[in-house]
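Reading through the structure tokens given below for one structure.
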Amino acid sequence: MSTLNSLFFLCRRDVLIAFRHRQQALNPLLFFVLVCLLFPLGIGASADLLKAIAPGTIWIAALLAVLMSLDSLFRTDFEDGSLELMILENQSLTLLVATRVFAHWLMTVLPLLLLAPIMAVALGLSSNVLIILLTSLLLGTPVLSFVGAIAAALIIVIPHNGMLLALLVLPLYVPALIFGTSAVNNAALGISPEGPLYILAALLVLSLTLSPPAIAAALRTGVSQ
Amino acid sequence: MMIEAKNLSCIRSHKQLFSELSFSLDSGQLLLVEGENGSGKSTLLRILAGLRRPDEGELFWNKKPLVSALSDYSKQMTWVSHRNGIKESLTGRENLHAHAALSQIDARNIDEALRETGLKAHSNRLVQQYSAGMKRRLSLSRLLIKRAKLWILDEPQASLDKEGIALFERIASDHLLQNGMIIMSSHHDVQLGKHSVVKLNLQS
Amino acid sequence: MMQWFHRMASPAWFYRFSGKLIPFLILTFTPLLIIGLYGGLVTAPSDYQQGDAFRIIYVHVPAAWMSLFIYIVMAVYAVITLIWRIKLAEILLISSAPVGVGFTILALATGSLWGKPMWGTWWSWDARLTSELLLLFLYLGVIGLYRAIEEKRTASRFVSILVLVGTVNIPIIHYSVEWWNTLHQGSTITLTEKPSMHIDMLIPLLMMAIAFKVFYGISLLIQARAELVEREFNSRWVRELVEENSDG
């Protein structure tokens, strides 16, 4: 069996597991909607104001939802011992880890993209901007998953670590947030959103290539304790 | 096939767990690591499995330093820790298939392994419905799928009932007969009759 | 034998050597600081635009430089820790973090003090200050992670990975914050953007920068010695040290 084959099998396994825990996979979605809801409640529902903050609101809600879902990414693997086995396989841990993060993105983050346009319309974003919003999220949320996964791997040996995870992750999320929202803002103002989108794509390439080795190194360290 | 340890020592949280530990193990032999809780049994086994580096000393696999023979070693070794390495929300069979795919080994042995460990009838149930003993059996059936030369087992008999222990002893004995090697820790006595058992006592 | 030397002898040697080095460093630091401050606060001509308020740059700018410099030094220790597993590098890495926090806070505080007369507000979302604030969180993350893990050698490896990830991210974060800043407000006067600086202004600034570097050395050594003794309290050299001290 080739490496590609086993990566595919790993991805299928994770998708199957996520599917059997549909209820849990729903939680990030509910969280996302709730955070989007809090902004108008906290700031006021004036249409102009909401329209102005809509891109930022959706991006921040998506970012927090990804953050919330990260803690369980490697923790169950660590606790049930399957991480040890993964490390001992005669395969590149970097590739295995990248596959797992991708499967996680597919099952927990991608559904957010289906909800995002609905929330965007509810916040008063005009419909011609939606496609840019979706593009920015499609390019940006994998960055959030891959960068966040590094932190999730770093805190694997620490129980009750939600706050620490946020402290480690949020500063690293700043670039994706800035370029994601400014792409949407540009589009809303009628300026070309291409610049920020290109930079987001560059960030995506960077995080896809650089974070799996870092995640693998952190997981090895965690297991060697 | 042989594994050899030279002057291993390990320090954990300011505590010297063991030092100057040397032994070697040949085909057909079993190394039984004994010692009280906290004496470093698990840590030693994790070092031997390649999950952790010794603070001092070196390991050799077929006369080559382990660090340079890792790829060959991982093909020839199966590790069963006290954590089972099983996904609760998959069935027993799905678990073994996922494992076979990850290790790039043939899935043909899966049925036979399930039969031998007595899990055949339960193989399509989710593991979360298994008892602790059944989970342990499922974990041990990995040994029968991969058929590696060297088995490293951390407390393999834990949470097994009498029948399970007998099953384990049968599997282990067969493995040794076929010139396999086993390194294991145990609280129990291991009844393996005529096989050559090397004992290693870690004093705390 | 070599390894034993590496692990056991070198911390003991470092402890004794650093103990002798610290007084010398203090002797260098004090005059540098006094001359630098005197030059900056008294002899340097006041700025034609900002008057005397600009003088805070003699603390602000070197502190901001140091906050970045220390993170880069930590990245070097992180590489050494990950590749060669040298205990001393682990200790120097984690001992640098609190000093880095100190300089970052100093840079933030002086930046905000300077902002009051210049912008009329204590905090303006200036690109440099915002990046500096994010840097502070990167430092705090390093410390938080280290504190949370009991086994300190493992903790050091985790922290090393985090520091390297941070090092890759710092330029990206800085660049993105700058982009964001130009997007949302016209660039105001920033502290360090002086087209040309008078030589009388520059010399005290450089002296302050060197003084701060020496100060980093002093506090790093003090921190590292404490960390070293704490980690090695079971080893022979620490026990010998305790006996020596209780004798004299």
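Read from first to last, the chains carry the letters A, B and C; within each, the first residue is number 1.
Everything below uses one rule, namely that contacts are C-beta pairs under 8 Å (C-beta built on N, C-alpha and C of every residue); 3 or more make two chains touch, one makes a residue touch a chain.
In this text, all values refer to a predicted model and were calculated from it rather than measured experimentally.
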item	value
For chain B and chain C, chains touching each	A
Chain whose Cα mean lies nearest the overall Cα mean	A
Maximum centroid distance from chain B, chain identifier (CA atoms)	C
Whole-Å gap separating chain B and chain C, where each centre is the average of the chain's CA atoms	48
Rounded Å distance, chain A centre to chain C centre (Cα mean)	32
Euclidean distance of C-alpha centroids - chain A vs chain B, Å	37
Residue list for chain C, restricted to those that touch at least two other chains	151
Interface hub residues of chain A, defined as touching at least two other chains	224-225
Per-residue multi-chain contacts in chain B, two or more chains	none
Residue numbers on chain C that touch chain A, as the complex places them	82, 134, 137-138, 140-141, 144-145, 148-149, 151, 154, 157-158, 161-162, 164-166, 168-169, 172-173, 175-177, 179-180, 183
Contacting residues of chain A [partner chain B, same complex]	1-3, 5-6, 9-10, 13, 16-17, 20-21, 79-82, 84-91, 96, 223-225
Contact set on chain A toward chain C in their complex	150-151, 154-155, 157-158, 161, 164, 167-168, 170-172, 174-175, 178-179, 182, 199, 203, 206, 210-211, 214, 217-218, 221-222, 224-225
Touching residues (chain side chain B, partner chain C) in the complex	12-15, 56
For the chain B and chain A complex, residues of the former touching the latter	46, 49-53, 71, 74-75, 77, 79, 81-90, 94, 97-99, 101-105, 126
